[in-house]
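Should a chain be cited, it is by its letter among A, B, C, D, E and F, assigned in written order, with residues numbered from 1 in that chain.
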Amino acid sequence: MKRGVVVTQIPRADARHIEILKEAGTATVHEAQSRLGLLATYLRPIYSGAAIAGSAVTVLMPPSDNWMLHVAVEQCREGDVLVAAPTSPCEDGYFGELLATSLAARGVRGLIIDAGCRDVRALKAMDFPVWSKAVSAQGTVKETLGSVNVPVVCAQQIVHPGDVIVADDDGVVCVPAARAAAVADASAAREAAEDGKRAKLASGVLGLDLYAMREPLARAGLRYVD
Amino acid sequence: MKRGVVVTQIPRADARHIEILKEAGTATVHEAQSRLGLLATYLRPIYSGAAIAGSAVTVLMPPSDNWMLHVAVEQCREGDVLVAAPTSPCEDGYFGELLATSLAARGVRGLIIDAGCRDVRALKAMDFPVWSKAVSAQGTVKETLGSVNVPVVCAQQIVHPGDVIVADDDGVVCVPAARAAAVADASAAREAAEDGKRAKLASGVLGLDLYAMREPLARAGLRYVD
Amino acid sequence: MKRGVVVTQIPRADARHIEILKEAGTATVHEAQSRLGLLATYLRPIYSGAAIAGSAVTVLMPPSDNWMLHVAVEQCREGDVLVAAPTSPCEDGYFGELLATSLAARGVRGLIIDAGCRDVRALKAMDFPVWSKAVSAQGTVKETLGSVNVPVVCAQQIVHPGDVIVADDDGVVCVPAARAAAVADASAAREAAEDGKRAKLASGVLGLDLYAMREPLARAGLRYVD
Amino acid sequence: MKRGVVVTQIPRADARHIEILKEAGTATVHEAQSRLGLLATYLRPIYSGAAIAGSAVTVLMPPSDNWMLHVAVEQCREGDVLVAAPTSPCEDGYFGELLATSLAARGVRGLIIDAGCRDVRALKAMDFPVWSKAVSAQGTVKETLGSVNVPVVCAQQIVHPGDVIVADDDGVVCVPAARAAAVADASAAREAAEDGKRAKLASGVLGLDLYAMREPLARAGLRYVD
Amino acid sequence: MKRGVVVTQIPRADARHIEILKEAGTATVHEAQSRLGLLATYLRPIYSGAAIAGSAVTVLMPPSDNWMLHVAVEQCREGDVLVAAPTSPCEDGYFGELLATSLAARGVRGLIIDAGCRDVRALKAMDFPVWSKAVSAQGTVKETLGSVNVPVVCAQQIVHPGDVIVADDDGVVCVPAARAAAVADASAAREAAEDGKRAKLASGVLGLDLYAMREPLARAGLRYVD
Amino acid sequence: MKRGVVVTQIPRADARHIEILKEAGTATVHEAQSRLGLLATYLRPIYSGAAIAGSAVTVLMPPSDNWMLHVAVEQCREGDVLVAAPTSPCEDGYFGELLATSLAARGVRGLIIDAGCRDVRALKAMDFPVWSKAVSAQGTVKETLGSVNVPVVCAQQIVHPGDVIVADDDGVVCVPAARAAAVADASAAREAAEDGKRAKLASGVLGLDLYAMREPLARAGLRYVD
């Protein structure tokens, strides 16, 4: 995590795989990659109902200093997701309406920030989703360098530039760019399998029977008493 | 709190009393039973506006293991509320859309879980309310037994199977089955008394006068100064 | 912070300045007064979308005792905001629908409380906004005196009676009554400046260029690499 | 959890079993009873090094009100441990030097309190150990009844009067009185087994070999790479 | 809370009163001034056993910026206690061995800081006690002004320059300078009264009898059952 | 962060540099590497006074499963520090006396674990220091693979195998193996510079003069008033 560096070339996964991951959602994607890559649950969407996926442009920021967010905007393309992490814990409001306007103009799908966000009402009105650690009106300064597109630790997970970020009401999950195709396939397969199960369960079939749990439960010693 | 036991017969309160408790809401019910039975306020609804009451089917679960939720589904009837508690603190996502589909098919009114929940958007779409400690995409395993319909500690309160659970935007309160009738009566009486007060306060009568507080305040030494 | 005192005369800022501060919102107002006066971010609105400003009527309350809220109602006028703080930390539900009915009848715009609130659904239905530390059905008693319209520490900030309180989805900020005019002017100036920037950023101009950051970034040592 | 009741007769486990449980310590005892009964880890000793076990005299207390602690003292005997829980969360300092003096005069071994404690220095000087949720100088009142020797929820576990409480630097565990003998036996057996393992591990034998883990690890797919 | 101001003249209480308050300790002093002035319990001593009292020299600091601590040193005298608060929440390590060396050279008795502290081992070795919100190796900058000897909010209490600060293992309490004499007298009276009680309780007299609680308990409805 | 892999060859820094870093301590080392690499401050030593440095052997563990700690022991050498991180947040007691005995037999200097630890008294008695997120008697299982000597996120920082870990009462800092020499030099230089400052400050020279702050403070607008 060097300071003062902007990496201008990053890998990006195939847009079709990103779309499949978005449709599958964080819970399915997390399962599909062996339960790795889930960002800490303290990251919460500033409004409910948003669901996005995109390629990570990463930002390493000093505490209370959002200078590098401005630098990062220029590195973003249509379909990207900005992932911002401070070098030490901070809940100040690094991000608000003006930066969102700039990112939206470039087609960025949303922001994941392990810190605070402000202008919540305006962000909701322009439908620019943010998953943040806090909502805070406390502003930041522009004095010290960080880096753009270096690996960062965001909410307890390593995010590399170009990783696919999937975010929705259940949280945020990170899929390495090189695994996007495989995880998209596995996610789609899980989704298909769930469709059949959902119909059966809705009709009243018990999971105990659908998943053949009665025998292993009995073997484990489960007893039914009045 | 024995492990490996499913109790199949539990008491349930009268449906009319349960309905009255639901209408009264958690704040009134909590007052009506002498301020006992309130679950910890860290339990929050995954979406706002839901209000339910029903008979508790209780589940004791190992950490990160949701096997017993599947066992519990079979013990639920129309009008029940599932109450799930881990044996040690855990915020993983024990519960999602498929289990909710199965519970909804049986007429269960909602879930109270002292742990995490996922598939928030789908649960909201199907209007299956959940009060949980966390939202988390982190899945669980199915390896170790717990119990169903034994007394559990859920969010700092003892819940016995068949207790009436009342839950809304203000939180969750537990009423022992044997006291449901008495607490329903007391709740209804409080509600009726509040209707009259509300009208007076809305017309501009001060609580100081309505509740005859001026004299005891003066006696306690309250002084008015410019 | 003396106990047992109700101060009946407090300064209030000019209504036009209060209106300007409301329109500017907490983030802008906080910037406009040199980043002072922001209440702790653990205060959250009980429903989203509300935005108010008004003159603070302050209440100092014992833990778990809301007697003084009833005393405070009488001191409130059209356009005020009630600011309530316990003498030691408490998350009980001091405030609900009946007190809100009484305050609404007097034209009070909302409540800021460094403690808990209940009857969330009713408060939302009557559009009486509250920023609180917790939602809790736990009631309080009426036994011990506090004070009304003395300086209080609410969510880590000193609030004097008559200070202007600005609250919205981004949090709560306090402006001393004597500074309301100056801060309103500075807020309006910031707003005007932002309008121009917003249009440029929306058209694709980068903040790097709009704010002339490229040169200072280079001087600080920022390097671009492939 | 009824209010206003003092139960004067409670079961107590055999002193020899209590002594064995104390020697085994919380971690071993918790294992020996199938990982049930561990109180929440937010309970911490006010000074390190203390290790006790004894029969629980339980106290249910209103928030910020320690009247029932005075009532409970009379119910305590030589070898007991006081277990105190508020009806709603509270971190005030319910307990200090004077109450400890009174309990020490009766041979009570310590206090477990799901709330705050004060006079830490004096308690350490008299070697009266306390496991509490907080240290707080904030005093309490004596106005409202609770109960003594009813089942309570203390730090997320049900404690019945007469249960054996084991507490040390690792935390607090509760053993039902009726199971004290069996858990003491199982604890002693675990202790004996650990003695042999400790010696082997100290001599350099690896756990991988001592516990025969290599084969199941390989079967699970573990690979060693340079 | 203006920025950029150093007030060089502050009131200080009489040294004899300060000494009495120190001997009484925080719990007694807090009681003696009607349970007002207790700083939040998240302030903890970095090592146990220290007990101090002194006149507050206050410091208002920007987040992550300790420049004003250096300014404050010059304003301190023998017997003072430094009280430092950030303008927005921050847990960085503002204070360490070098600043402590400088304060110790001037006879300052300790530091109360609503933020982080570092060099814990060295501070303990030189016996310079600190009550802080966190221990953190994270350093701060020296770029932005705050103020010295203005009123500050420190851990949820207003502290004015010259107030008497009492701190020990139970926490930190603030006594207004003008009330120091009265609170010292009240504290000494409480101490004297407690001496007699302590001796009686140690001899086995019950608090129920010593405080004449049996009659009011019975009147409140307390029942004893087997 | 692949599962099921044990990397047997890792780089290690020079022992002399590790020793210098240990002597400098976490606060100095953190400064010396531009304030990067500090692990979250919620990691606390289980007893005070320990200070270590060593090469990281890293362990990635499933929640509530300590199987991989046993695997990791074999990969440790004299002078190493074990760094253990769960794939999702967990505070269970993964580590206790037996594992410590095994590590001590191999010359390991301590454990950094982003989870819980138990057997605190025994660990202190054998002087095996642990920095952990929690103390918990809750045991774990041995059922699922993780990895050894892959990069892990521990307490919000990336730790690579072979990185130098420095830990003391101020917390834990991580130095990349390749930078150990440079950071050791910079740390030693800082230490030397501080020796001179400490002597001057102890003699009463003010930091304002020693660091030539008066002029920049005046320029920034600092005013002294009576």
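Basically, a contact is a pair of C-beta atoms (placed from the backbone, for glycine too) under 8 Å apart; a residue touches a chain by one contact, two chains touch by 3 or more.
For clarity, every value in this text was computed on a predicted model and none was experimentally measured.
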Third chains touching both chain B and chain A: C, F
Equivalent of A-B within the choices D-F, C-E or C-D, defined by over half of its residue contact pairs recurring: D-F
Between chain B and chain E, centroid-to-centroid distance (C-alpha), Å: 41
Between chain B and chain F, centroid-to-centroid distance (C-alpha), Å: 43
Interchain centroid distance [CA atoms averaged], chain B/chain C, Å: 31
Chain centre separation (chain A, chain F; CA means) in Å: 29
Per-residue multi-chain contacts in chain F, two or more chains: 35, 38, 41, 88-89, 91, 138
Chain-to-chain touches, reported pairwise for every pair that qualifies: A-B, A-C, A-E, A-F, B-C, B-D, B-F, C-D, C-E, D-E, D-F, E-F
In the complex, chain B residues that touch chain D: 1, 3, 34-36, 38, 40-41, 87-89, 151, 153, 156-158
Contact footprint of chain F on chain E as seen in their complex: 4-9, 47, 67, 70-71, 73-74, 91, 93, 96-99, 101-102, 104-106, 116, 118-121, 124, 134-139, 142, 144-145
Footprint of chain B on chain A - complex, ascending: 25-27, 30-31, 35, 38, 41, 44, 48-49, 51, 168-171, 173, 194, 197-198, 201-204, 206-208, 211, 213, 217, 220-226
Complex interface listing, chain D residues touching chain C: 63-64, 88-89, 91-92, 138, 143
